[in-house]
């Protein structure tokens, strides 16, 4: 796995900057003979794309994915050929004029200073490579990973906390996520949350959030000891998403407060003599290997660092200054992270599926 | 990175089962000319080894590391030669008789069922490959990683929560960690925590915990976009430790409750005109790249799954049964995870150091 | 390294089919601050591009490379930023009508049957992924690798044998390579070779060839034991080129006939007390590590498999048939392999350079 | 793939120096449930081990392999468990006193100078890491790879040229290889070759050789475009063997002299309507993917660099000197390379098998 490549066998390499001509990805290792057209990718990209509501950045991008390779129609419709699938998404609304001042000053909370310190140069326009715009490539790759996994595996995420407002665990309803512009995993909170987020937005501020994830249909046996653990790979994938600051599997940090009796999920047999677990504190993973239970996780996102309030910072010339980040931004970047969480999970699982098949057949 | 190998350039491959003849690791990619003897490894292994107090398993292992390759004394004392360093630790106290029943029945909360489902076979003795005994290899590799990093980088971890008992953030004192058998990051809590853990131990129960981590001295610029982010790699490393269920970087899940104003660490210049941050919500990493601030993280560990209470489970022959896990166990497995958290962090940083040097010089 | 990715740290991922909309590559891990524009790539692509003489395919492609990411102009001209460099080359002259018959029948000597057997589907148009057209991406990446290596390292290749016609080792003159359309490493053979190749071309036949390689300026110390040997990596790189069937380093197969006295290159000191070798049977590599001598290699290429003579083959429907490969082809595919041999060598060396810097500093 | 690790999914990491306490390897990614004991490894190690005839080094090593992990007997005999298999071979006859002088002076043709230039230090005793002794680990791993491949795949190699003496292609008989101490692939040459090699040996000289390889039973479809080509991986594997200087696949360098008509293997159907090739110039690989034909290759080995003749060299202190390499050596190192060629081929194929299964199922 190199810097900009994710996965071992189902491998996704992404490229592109926020204000360059295009972004994209190359997916290598995809199994052949999977029906695939651009129409399979677009619905997922549409979920993530900007401009959909007042709660997300007003940048206008159609996020139209073009497939440039790896697919061939031999008469029965286009299918994957087993060769690399190159996907390209043009940048349409770069508006670089918005970003003049930040060429000089480092935006607090952004990657500006770190990139400059590492490379001695950075594409400051819209955050360059560190922009959340890159996640469109992840979503396109994730759409492909879902096709590898098939319909038996269902991956769903939704916002369960925004600032101080939480959805109680027993109230989480992933069916609600796509019925509201906040990707909230409960229809009941939407009114309150909209009001709250409007106040944040109007104040030129931003707020963090937590996204919950549930995957059903993962068979027992995926993942592997010890540095290829399914939960370890999932943690890496989710923590690699822009603004992510924490990842929990199953009971997560709550597990620290449990006793062994409370935590270890007991087992029985169901009517078909198949193993069932009586709880799922493990989040569907034991010893790094899936158990057949739903895989559950939670990801914490920090607030968008771009805010209208004047903030203290320094310039690359070594001077102190104050900076207000103008331009188009998300008051809560985590909202648009929901499809990205799902996409990265799909990529991890497709990879785990192929790796398992390699070793065990 | 394969299943049992960790790292890209500083690569650690571990092998061995709890009750086999030995465990060990091979470290490849280590820079040459680093003074190294077995005495450099042993102090770190001694921190992790069992039998040190009544709060950890009573298994008796000296955990003596032998270096079998990759080191040569050309007259000025043994140094690394740039070739693979093979480290072997013999298992001395296997006592397989303790583990007869679990050949048949899956221990709830353990990896038994998952391994069997994946491989169709498992070494059930003491958990086989999934035993925490494997972490001795990680600690040995971590000791080597520390030598690669040098004394300027200081890696410290300690227990900051055990069950419901927490150390307040402003009370955390990593200097206290090695002054008490609980690895607690505060001398003041030790009495209460010992009493609490004694009650857990006597009840044949167990409890979870949280370990905090702080690394000082990491220069700005380590890590890389986007799937080689320093925090993503750290999350993978820490989540790969036995019993880990959650990882936070910097403010972690607390970041979900913050506003952009509260979260984005402002910058000023110090008296030497060097950049300083006015806070460290980021945990020393922005855009996946270190900023020069301390790298901070927290890891949640579940309670030891082996407990004396009878638990419902099934056998591999498809029958229901009840199981009590006898044998020698840790009432709080997280205590001995403290040196492992440090070791994995050292490996991540040594790897990041070499990768940064490769690309940027 | 995955299927379509080459290199460990300087990593090249290529994608695209002969008759798709475009081909391209993503280069990850490139050091930052290297001046780079499309004009740096084009001269190398022009060397390889079709249509340059009657001895190569008459397909018309401008092979214009576009850089889509990873480069930024901060005022002093465009430089690499350390992020992935995506390069795209449009296919302009696909003419798929030429390839109707081969959708059904497997062309002998081509990858058609093997791809179909592996994947159950293949893009038959112009050979799809297995077309030599893919090597344009390699040449683009190689141009970038040369910039990483700098001017001190000079990589030169040329044709030294075509069918039965050879250039004697002491007559090889790499300066002659770009003065003739055959890439011959001697001006004196050009007339005879042109006549010979014209006869092959007019007969609708083809012929194999050998390309020799010499790299000067490689410092001692690049490469590594034992599976990262410089000659092993070079062998993999060169054997991965379309139509390659053999690779020699230094004395190569001739070494089988030598005695130890003849083969082991003796050493002395030069006037500056620097080590000099009195011969170079080793081809600049000992134990997999460069010695500072010129790195020399030879690559054998088979004749172009597309010929006008009727050949026996079978169809994918399991019938016998006879096939004549019409369309535009090279009478000696090895000619256009010369820039590809150089490019792959540049990629191997750039990667070895970064890996060496990582481990040894 | 790191420096001392070979393979993508069936991964072999080797470690150890010629005169250290032991050498060994860790094999990760092996499928589970394969019966395996040390007795499965030993016959292959015995083929390679020194001291078997006057034509190989007189070093006395039993090369007894111990399996330290990854195998478990659950009642039906020991089987692989899917976890890493650690194999250890002790060094028994180091005799370091033989090697005093070479601590100072670089042996011409050996890796001494290159290692010193790279690392600034080297274990000079018996060549340290660059000793052919390391190949015992490759042979042990190869024995395991053969078990993964099963009996349907037959891998055979033999010496077909020694110095100027060659076996004609149509006289090659792999059945003869293990009936003579020279591993010659023809019983008829043995007498002459023994006389020739005796003269070399008595003169304190050495000579090169060529080893041919044939693998039957490889199904069509293994390997992958474009940098994971089966022939590319084979070239890397074979060129990584000590003293290898050239690798050919199929017709190899002879292909340079062929016309397209002569080279492209025509196809027909056999009586069972299965594809058959009318020749095998391709060596069983087209476009990097196996065709179902025998995979054939040839490897050139240079003469042993250790000879009794005085040779000019320099010391690490920068002085000129003359050196005679005393000690125990092989007059033709290629003889003992025969089992190593087979072992590396087995590892490449086991890896290709697992990778194919991953992608295509």
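General remarks:
Letters are used for the chains, namely A, B, C and D, taken in the order the chains are written, and counting of residues starts over at 1 for each.
By definition in this document, a residue touches a chain if its C-beta (ideal position, glycine included) is under 8 Å from a C-beta of that chain, and two chains touch if they have at least 3 such contacts.
Treat the numbers as computed from the prediction; the structure is a model and nothing was measured.
In terms of C-beta pairs in contact, C-D outnumbers the other of B-C and C-D.
Averaging Cα atoms per chain gives one point for each, and the point farthest from that of subunit D is the centre of A. Remark: subunit A and subunit C have CA centroids separated by 38 Å (rounded to whole angstrom).
Centroids of subunit B and subunit C (each the mean of its C-alpha atoms) stand 45 Å apart. Annotation: 26 Å between the Cα-based centres of subunit C and subunit D.
In subunit D, the positions touching at least two other chains are 2-5, 9, 14, 29, 32, 82-83, 118-120, 129, 224-225, 355, 360. Against subunit B, the residues of subunit A that register as touching in their complex are 1-6, 8, 14, 106-111, 113-115, 117-120, 129-130, 134, 161-164, 200, 205-210, 220-229, 231-240, 244-269, 273, 275, 278, 281-283, 285-292, 300-307, 309, 311-314, 318-320, 334, 355-356, 360.
In the complex of the two chains, the subunit A residues touching subunit D come out as 9, 29-32, 82-83, 224-225, 354-355, 357-361.
Interface residues of subunit A facing subunit C in the complex, by the touch rule stated above, are 2-5, 9, 11, 13-17, 20-24, 26, 28-29, 32-33, 66, 68-70, 72, 74, 79, 81-86, 88, 103, 118-123, 128-129.
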